[in-house]
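Shared between the two complexes below is chain A, which pairs with chain B and chain C, respectively.
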Partner chain A sequence: MITVLFFGKLAEIAGAKAELQAVASTDELLEQLRLQYPALAAEKYIVAVDKKTITGNTSLTDHCTVALLPPFSGG
Partner chain B sequence: MNNDRLYERYQRQLILQGFGAEAQQKLLAANVLVIGAGGLGCPVLQYLVAAGVDEVGIVDDDVVSLSNLHRQVLYNVQMIGRPKVECAVEVLQQLNPQTRFAVYKERLTNKNAATILSRFDVIVDGSDNFATRYLVNDACVLLNKPLVYGAISQYEGQVAVFNVQQNNERSVNYRDLFPHPPKDGEVLNCAEAGVLGVLPGIIGSMMANETIKLITSTGVLLANKLFTYNTLNNQTYELELSKQAETASLIPPTIETLQQTDYKWLCSTTIVVNEIDATAFNQLIAEGTAAIVDVREKDEQPVVTEFSHMQIPLNSLQQHTAWLTEDTIVVFCLSGKRSAQAAKQLAEVFGASKKIYSLKGGIQQWMQQQQTV
Partner chain C sequence: MERKPKNIFTQGAIDPAFIAESIAKHSTKTDIGGHSIFLGQVRADVIDDKKVAAIEYTAYEELALEKMHIIREEIFSKYELTCMHVHHSLGKVAAGEICLFVFTSSAHRRAAIDACNEVVERIKTELPVWGKELFEDETHQWKVNR
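Moving on, here comes the complex of A and B:
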């Protein structure tokens, strides 16, 4: 199982937390999430795997946690 | 002030183990620039001034409005319509008469950023839009200034310390986290998405804490980290950030290039219409420096004789913007709807070079209020 955490506006789309069957990589995971929550496609966010931000496609292990965080501008 | 009074004022932090006189001396010699005197800026300013920071700079071009008061706790109802920087200094100077203030009653722009930022050792970003956030970040990188960052949305906040010198290198900056500004409408601001009043109090206090730690070399900073907090479930999350190869290519190479970079355009900032109430409207009339413009059609009722103004109907506004030479423009119509459109059109033409306001509720509501006063 992979735990996915959604922050900010993304949590309104997908809920704060989701558990998904293990997939091999972040690209696969994001593809799956976009199918499940089409509204995510229009959002801007960064991806972190086990609390480390990533940029390119990253392989995932079972029981890892993936977080999706949008930028905030408010002050 | 003699040393006894100094000791008494800061006694509780002087006796603090791991802080003491040495850390206090650093605060008493420090200078910090706070960008934005809003939700985040208020607690940052209060705690930095209370802690004894020698000189505090404040940049803000906004005035106090009623909808600010639920979270901007430096201000009160008497201050509505007055510039935030002036009100903030009034309150803060009473809190600590020793603090020196540098007041910038203007918007931070690509033109003035380097001049203003270069005077200060630490920069704190409590602004409320991406254009300013990217501008501040890039300027801090170019000027080698540490940047204490905080941002909020609805029930969540983020805190980090960017670009701080540690182990002979600079920690990550905002561009390592979010390389490119979001496009128009992709991310909502507080005015559109709402914010719970306590949230900026919590996040702003954390920013003040990081600033004090940075100045006094106390504890561990949120450098190369992003801290997030959710007020609904009290969950915190701390991410490890790393440098990105492309960051350097995204930041203007020199201050001169920064001055030519249009951050507003990069962020294609959604134009938010600044609506003012009758009190603020009357004050602008009394000051006599703003252009007051009726955007209704000629001969529309009621005829306004109470104050002098220009008449430029909304449909011909675009052709007559050259008539508006004043720095502040206030537009009004019957209900406030057409004037909001007019304010938007003017904001597109003038950008940040002028302050543009629309009278909320229109001249109809204004006249009713004048009768009841």
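Moving on, here comes the complex of A and C:
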């Protein structure tokens, strides 16, 4: 099971948390999410796997936590 | 021993009395010659005739604290600081209230001033924190940092 966390505006689109079964990579996961939540396609975000931001496709193992982070706006 | 990241988050606005107390606590550290303080305050921007009443902050707390820990270590290795304190609000902060408090101290002013500036900039660009601008009519938009 892969846990997906959504933050900021993305949490309004997809909810704060989702759980997905049997996804092998972040590309596959994002593809599934875009099918499920078409509004995600228009959003900007970076992806973190187990709290490390990634730049390219990354393979996932069971119990991974993937976070979708829209542009930061703290302070 | 690895140090556990310090918590920087406070629920709601940062009380000016807490800031005053925080300054007062440093009177025992007599090697300090200068403090630098940045206070972020929620602005009542008007966008399309609607006024911002408050900002509601959320964060990926675990990641934000880890990142802040790294920033802290890098700042301490770069500048001759005596100490540094960072407090950021979560939840709702009304216009006019304080949402960010960065406080650096050093023997000579330059290190405190430069470190404070750099920490504020890095907080804004590197910490996974999001501000939702709540308008008076209860609609909202997501804040964009400039």
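In this text, the second predicted complex is superposed on the first by the 71 of 75 C-alpha atoms of A that agree within 3 Å, B and C clash if a C-alpha of one lies under 4 Å from a C-alpha of the other, contacts with A are read in each partner's own complex, and residues count from 1 in each chain.
Here is the rule we use: a residue touches a chain if its C-beta (ideal position, glycine included) is under 8 Å from a C-beta of that chain, and two chains touch if they have at least 3 such contacts.
Because the structure is predicted, anything quoted here is derived from the model rather than measured.
A.B. asks: Between chain B (first) and chain C (second), which does A:G74 come into contact with in this model arrangement: first, second, both, or neither?
C.D. replies: A:G74 sits against chain B and chain C alike.
A.B. asks: Between chain B (first) and chain C (second), which does A:K9 come into contact with in this model arrangement: first, second, both, or neither?
C.D. replies: Once the two structures are laid over each other on A, A:K9 reaches both partners.
A.B. asks: Between chain B (first) and chain C (second), which, if any, makes contact with A:A18: first, second, both or neither?
C.D. replies: neither
A.B. asks: Could you look at A:C64 and tell me whether it touches chain B, chain C, both or neither (first, second, both, neither)?
C.D. replies: Neither partner.
A.B. asks: When the two structures are overlaid on chain A, which partner does A:A48 contact: first (chain B), second (chain C), both, or neither?
C.D. replies: both
A.B. asks: Which of the two partners, first being chain B and second being chain C, lies in contact with A:L40: first, second, both, or neither?
C.D. replies: neither
A.B. asks: Using the touch criterion from the header, give the chain among chain B and chain C with more contacted residues in chain A.
C.D. replies: Touching more residues of chain A than the other partner does is B.
A.B. asks: Please write out, lowest number first, the residues of chain A touched by both chain B and chain C across the two complexes.
C.D. replies: 5, 7-9, 48, 51, 67, 69-75
A.B. asks: Quick check on the complex: what are the chain C residues that touch chain A?
C.D. replies: Its residues touching chain A are 40, 57-60, 62-64, 66, 88, 99-100, 120, 123-132, 142-145.
A.B. asks: Could you please specify the touching residues of chain A with respect to chain B in the complex?
C.D. replies: The contact residues of chain A facing chain B are 5, 7-9, 16, 42-44, 46, 48, 51-53, 55, 67, 69-75.
A.B. asks: Any idea which chain B residues touch chain A in the complex?
C.D. replies: Where chain B meets chain A, its residues are 36, 38-41, 125-130, 133, 150-154, 156-158, 177-178, 182-183, 186-190, 193, 195, 200, 226, 228, 230, 233, 237-242, 244.
A.B. asks: Which positions of chain A touch chain C when the two form their complex?
C.D. replies: It comes out as residues 5, 7-9, 11, 48, 51, 67, 69-75.
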